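See structure below.
Order of writing sets the chain letters: A, B, C and D. Residues in each chain are counted from 1.
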Amino acid sequence: MIGPNNVVLIPIIAGILAYFLGKIVKPAREGLTLGSVLAVCYLVLKLPFGKALSYSYNFNLPAYFDGLKFGTNGLSSFFAVIIVLSYLFIAFTAFALVKDKEYHGTFYLFFNIVAGSLLGIVYARDLMSFFIFWEMMTWSSYFLVIMNAKNPRKTGLTYIVLNVAGAYAMLSAIFMVYAAAGSFHFDKINHAVALMHNSKVLIIAVLFGIGFLVKMATMPLHIWAPDAYTESEDSFTGFFSGTLSKMGVYGFLLFFATLIGFANLKGVSSIKDTPTIGYVIAWLGVITSVFATFRAIVQDEVKRLLAYSSIAQVGYIVTAISMGTSLGIAGGLYHAVMHTIIKLLLFITVAGVIYRTGKERFSELGALITRMPLSFLAVLFGIIGLAGMPPFGGFASKWVIYMSLLKSHHYILLVAMIVSSTAAFLYCYKLIYGIFLGHPSSPELMEVKEVPAFLRIAQIPLMLALMIFGMLPGLLVPYIDKAVASLGFATSFTSTDIYTLSAALGGFNGFVVINVLGVIFVIVLIWYTLFFPKSKKLHRLDIYWAAETPDEDTPLHYGYGIGAELHRIPWVGASLRRHITTLYEKVAEQINGIASVMKDILFNGDGQIYMLYAVLTLVAIIMFLGR
Amino acid sequence: MSTGMRILDLIAYPFVAFLVGMLYMGVARNIVGRIHRRWGPPVLQNLIDVFKLYRKREAGSHGVMFHLGPIIMVTGVVTCLYFVPMLSGGKWLQGVSFEGDLILVTYLMVLGALGMALGVGQGGVPFGVMGVTRGLTRLIGLEIPYFIAIIVLMAHYGTASINKIIELQAGGISNWAMFKLPLAFVASLFSFWGMMGASPFDIPGAPQEVASGPASEFGGKYLALMMSSRGIFGFLKLALWVDLFMGGAANLLILIAKTFALFVTVLFVTSVYSRFKVEQAVDFMWRYPTLIGLIALVIEMVR
Amino acid sequence: MSYIEELKDRLEGMFSPEKSYFPRENLLSIRVSNSNVRGALAHLRDVEGFKHFVMLSCVDWLEDGKFELVYIVWHPEKKVTVMVKTLIDRDNAEFHSLHDMWRQLCTYEREIWEMYGVNFIGHPRLEPFILEDWKDMPPMRRDFDTLHYVNEHYEWREGREESYQPREYIGEVFDEWRKK
Amino acid sequence: MCTDNPGVWEYIANWARKHSIWVLAYGTGCGAIEMPPTMTSRYDAERFGLRGAATPRQADLLIVSGYLATKTLKRVIRTYEQMYDPKYVLALGSCTINGGMYWDSYNTIKKLDLYIPVDVYVAGCMPRPEAIIEGIIALQKRIEEGRAEGAKKYRENIEWYKKNQREVFGDEMLPDYTWNFEGGI
């Protein structure tokens, strides 16, 4: 039987083949990618969901290393499904958008490798293979980031430095765990951690936490994300923000819930029945979402707005899962699915718009609704989900997160989260207005065509998914329950059928909501269309303009103006004026100064001093070996 | 109750809200007139206005979204209304409130505004978009005290369903949330004040600054639909506050008495203020009402 | 001897005005030659401290074939107004722009250009200001016959035919004022 | 609520229109200062259902307050064409009637009703608020009797009105998308 171990290999091999075969016949790249996508989808969806299986490579190895182990359980299957579906949609996008770029070959190489390594991460059953695939993901996505960047040096450097730093924090933690457990295998680790000393548990948790918070772009480790999301290849950005960031979520859940265990962390210290470190991380998540939301509103670049918004949305997930309660983790998983769908939809559509118009700023776009109605509908669905508004799926996930916070009595956290989720309306409106409504900023916008057919193939199922999850909010519940169960939590939803979603304090019936909406809308529409005179079709410039007559080049598009008020609100304006990178730069300057001073003291070119160092080192080594 | 009566009940639901809301707006104009030492218009004035607007012979449309904007607005508002029980206890005039909860209602309240904003966007008047932006920015301020208040409510009564909250307030005035949780009530009253669009929070539709903002390009039947949904929305908010803080209402008379009391108190406060700037409004909302709400929240947490 | 009389003497000494008198108290009117306008205004602004430029106006002396440009400046502390006048030729009327001394002169000169057709040399933007797409001669010139223009452009309402000539009523007042 | 049937619906509609007149006070001239006292406490025109409208789209009544230069006439015409039928015009002051004191001014029009249909003229220079309210009551009478059909008149004799406007504006006419439409939703 083909298990996860082989599934992981398929995209990687396909990518490498695609690169070299593509040199001979170019379409081979698309062909191989499509083949691997379909194969992986088939195999992953065929695997029994939530059943714990395990496979391993038992080639002969040194004694201290017991093979690369692979396997699956509820959590792995949950994230594997997310990964393969976004792999599918992004592959379709890439077919349309990457075909005549000069980095055609390298794109498919690294894109497939990333997909494979993501599967490897979720299917890995020991720390070694987990780390190997983690590194693989980081490096191959690094090439995808700098591939098309306007400023590749800065973007790539921040990206790689922060991610590699996170990875090595993880690595050191892994070795500490290995030193305690004597094995890399997940099953053996939990007991070992339970026996560890509190301080050591704390250190391990912090080190792992750093690794995953970097990937989830949580403040203050988020500075790589805006540039990387904005400047990476358009068709890949959806995968980047929608799926790669979820690997942080997966790793966080894996390590904090199963390997270290929230119980052990509570043993260290706890606030209101929540581990202190979880509480701190929850606050980090909320602060991230608030400030990222405010920053998203004032952006002029479309992709940068979406980048900040995904930082904010992942902030919710961080808050929810770091509570360590069953409902919180359920909400985090629910929101992970919804956010993946929404961000895939939005990034794919925006990539199509940029591909058609060649403009990527709100101040240059506008009035595209008449030209690309389907994309308008896609973005409309997307923002309704992003704002977490009924009747679409985004509301259900946010509702679960709110309920989890209410249930675990973290009211102040909830209030802070409300701030960002209310401000989110502004950037949602800016997104749809700046691109599709208002007036065209330049006449040639009125000649563009609808996005390519491959993108439409990707958009429609995503929109349907959003609608279905909104109509049947209980649809995901059994899968989430399986995933949560594999983390050793009991189910927390009290709803039984797929129409309703109900947990701790209340519940709602998404089916009724969407039906009431639909019925009223249809009734009003019919009444309005039949019993009233037809309205005149007004000219674009036939608007109230203080009785003046605007002409074609009067600047009537308000695209960038939205959110200008924010700078004048005292506290928000202050937060927008400051940026954390300045702090980092100051720190770096200081370290530079100190280091230069140290250099002058230590390496002053005197041979005897160097000899002294050598002797001291030798003595130190002997002393340590002596024990 | 039979299915036919049930359907009739559901059909009557929005119209009751529409009539009462419109009458309240007329009363408000008259009272403001009296405060200005004028006669003021007749009480039915707003109903006459809406009827006149419905009977306008022309209307102009800038496109499909412009046409659908007011329709989505009224749809969102009426949907939200169905999830807010007007009466409690009996069978009548409860909509489908038992299918939803407080958070759902809170989010549905914004849905209509979003549809409206889309229509305004295609209308292409910069004034309209400025109005929408002002409205959404103001929302950042308004929602915080409101949410703090309902969090206190949900934490205190341990449920998010409006009907349950009404039940738990039963038994005498002393059980009303406005007396049990006075600070939360005060905080929510501030954002209620703002949500009614009364001065000094009438920033989005300021006629002198942004030419009545979102409504600037809508006329005739579109404006009529907007005015109707505004009337329904006004009564929705009154009914919601009565449900949450004043123990609901057993029959229509009590409902009207309670809502009218709340309405007139807010009206008297607001009709003497001039207009804030939007940043002033948000700043104000984030200072005193939020502070009051947080105090209530802390009291609730330590209890 | 009050400040304004000293000022009158000083200015007469410096700029040798053709005509200078006090239309009313605290108001001094001097008429200087074209070349002296800038000097006189600069002296008043920088030396005497007439900081405030009140307005620039133009008078059409049709009979003499002259335009009279009137620059009015005001002394905020002394509360004294000075009108610096100069006569320019009426046909191909032009004068050098003074917008670099007071920026608001841009607007005034633009208006004078539009209404009287005085061409200010060196003005940044002489373009239509108040009138929209005006094609006839500058309307404030006295030889522009408004009644004739109205008759050929607008339609009278019945009952307005026996309209009087205002000149007959204000005529003698106008003449004796001109003698002054 | 089909609109093209006269009779009882139209009668009720006229009654409603009569009692709810939304005013767009176009402050062209000295009459603009007569509007505030008319609307506010002293002469409280709101008791007749009058109410200020912010934009022409919402307005029923266009009050032209005072003399109209050719430049302002352009704005008035664009505003009038942007209003929706039924729409009324109330012209204040002798300037709009026959030029008034600007009888021989080179850029002030003499007869407003050559360019847009006027329902009620209020003579005077400047008419006091009482006179304005008198004019509004007269307008209400016209509306009730169904004689205030300025929009229909304008639509039917559009060529004549455009000819008169062209005599004033010459070749700088307003764009025509405000008055001739094709299609609808």
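Just so it is clear, contacts are C-beta pairs under 8 Å (C-beta built on N, C-alpha and C of every residue); 3 or more make two chains touch, one makes a residue touch a chain.
Quick caveat, the model's predicted, so the values are computed rather than measured.
Novice: Quick check for the class: compute each chain's Cα centroid; which one is farthest from the centroid of subunit A?
Specialist: Between subunit A and the rest, the longest centre separation is with C.
Novice: Would you identify the chain whose C-alpha centroid lies closest to the centroid of all protein C-alpha atoms displayed?
Specialist: Chain nearest the overall C-alpha centroid, as shown: B.
Novice: If you average the CA atoms of subunit B and of subunit D, how far apart do the two points sit, in angstrom?
Specialist: Distance between chain centres, rounded to whole Å: 35 Å.
Novice: How many angstrom lie between the CA centroids of subunit B and subunit C, rounded to a whole number?
Specialist: About 61 Å separates the centre of subunit B from that of subunit C.
Novice: What is the distance, in whole Å, between the centres of subunit A and subunit C, each centre taken as the mean of its C-alpha atoms?
Specialist: One centre to the other, that is 72 Å.
Novice: Going by the contact rule already set, what residues in subunit D reach two or more other chains?
Specialist: 1, 3, 55-57, 74, 184-185
Novice: Hunt down the residues of subunit C that sit against at least two other chains at once, touch-wise.
Specialist: Not one residue of subunit C touches more than one other chain, so the list is empty.
Novice: Quick one: which residues in subunit A touch 2 or more of the other chains?
Specialist: Those would be 532-533, 535-538, 542, 544.
Novice: Hey, how would you classify the chain contact layout here, line, ring, star, complete or other?
Specialist: Shape of the chain contacts: other, as it matches none of the listed patterns.
Novice: Chain pairs that touch, all of them, please.
Specialist: After working through each pair, the chains in contact turn out to be A-B, A-D, B-D, C-D.
Novice: Report the residues of subunit D in contact with subunit C in the complex, numbered from low to high.
Specialist: Per the touch definition, subunit D meets subunit C at residues 70-71, 74, 97-99, 103-107, 109-111, 114, 164, 167-170, 172.
Novice: Which residues, counting only subunit B, touch subunit D once they are in their complex?
Specialist: Touch list, subunit B to subunit D: 29, 33, 36-42, 45, 48-49, 51-52, 54-61, 63-64, 67, 207, 211-212, 215-220, 223.
Novice: Which residues of subunit A touch subunit D in the complex?
Specialist: Those in contact with subunit D are residues 531-539, 541-542, 544, 547-549.
Novice: Could you pull out which subunit C residues touch subunit D in their complex?
Specialist: Interface residues on subunit C, with respect to subunit D: 130-136, 139, 144, 146-147, 149-150, 153-157, 159-160, 163.
Novice: Subunit B touches which residues of subunit A in the complex?
Specialist: Residues 367, 369-370, 380, 384, 387-390, 395, 399, 402-403, 406, 409, 411-412, 414-415, 418-419, 422-423, 425-426, 429, 432-433, 436-439, 505-509, 512-513, 516-517, 520-521, 524-525, 528, 532-533, 535-538, 540, 542-546, 556, 558, 561-566, 568-572 of subunit A touch subunit B in their complex.
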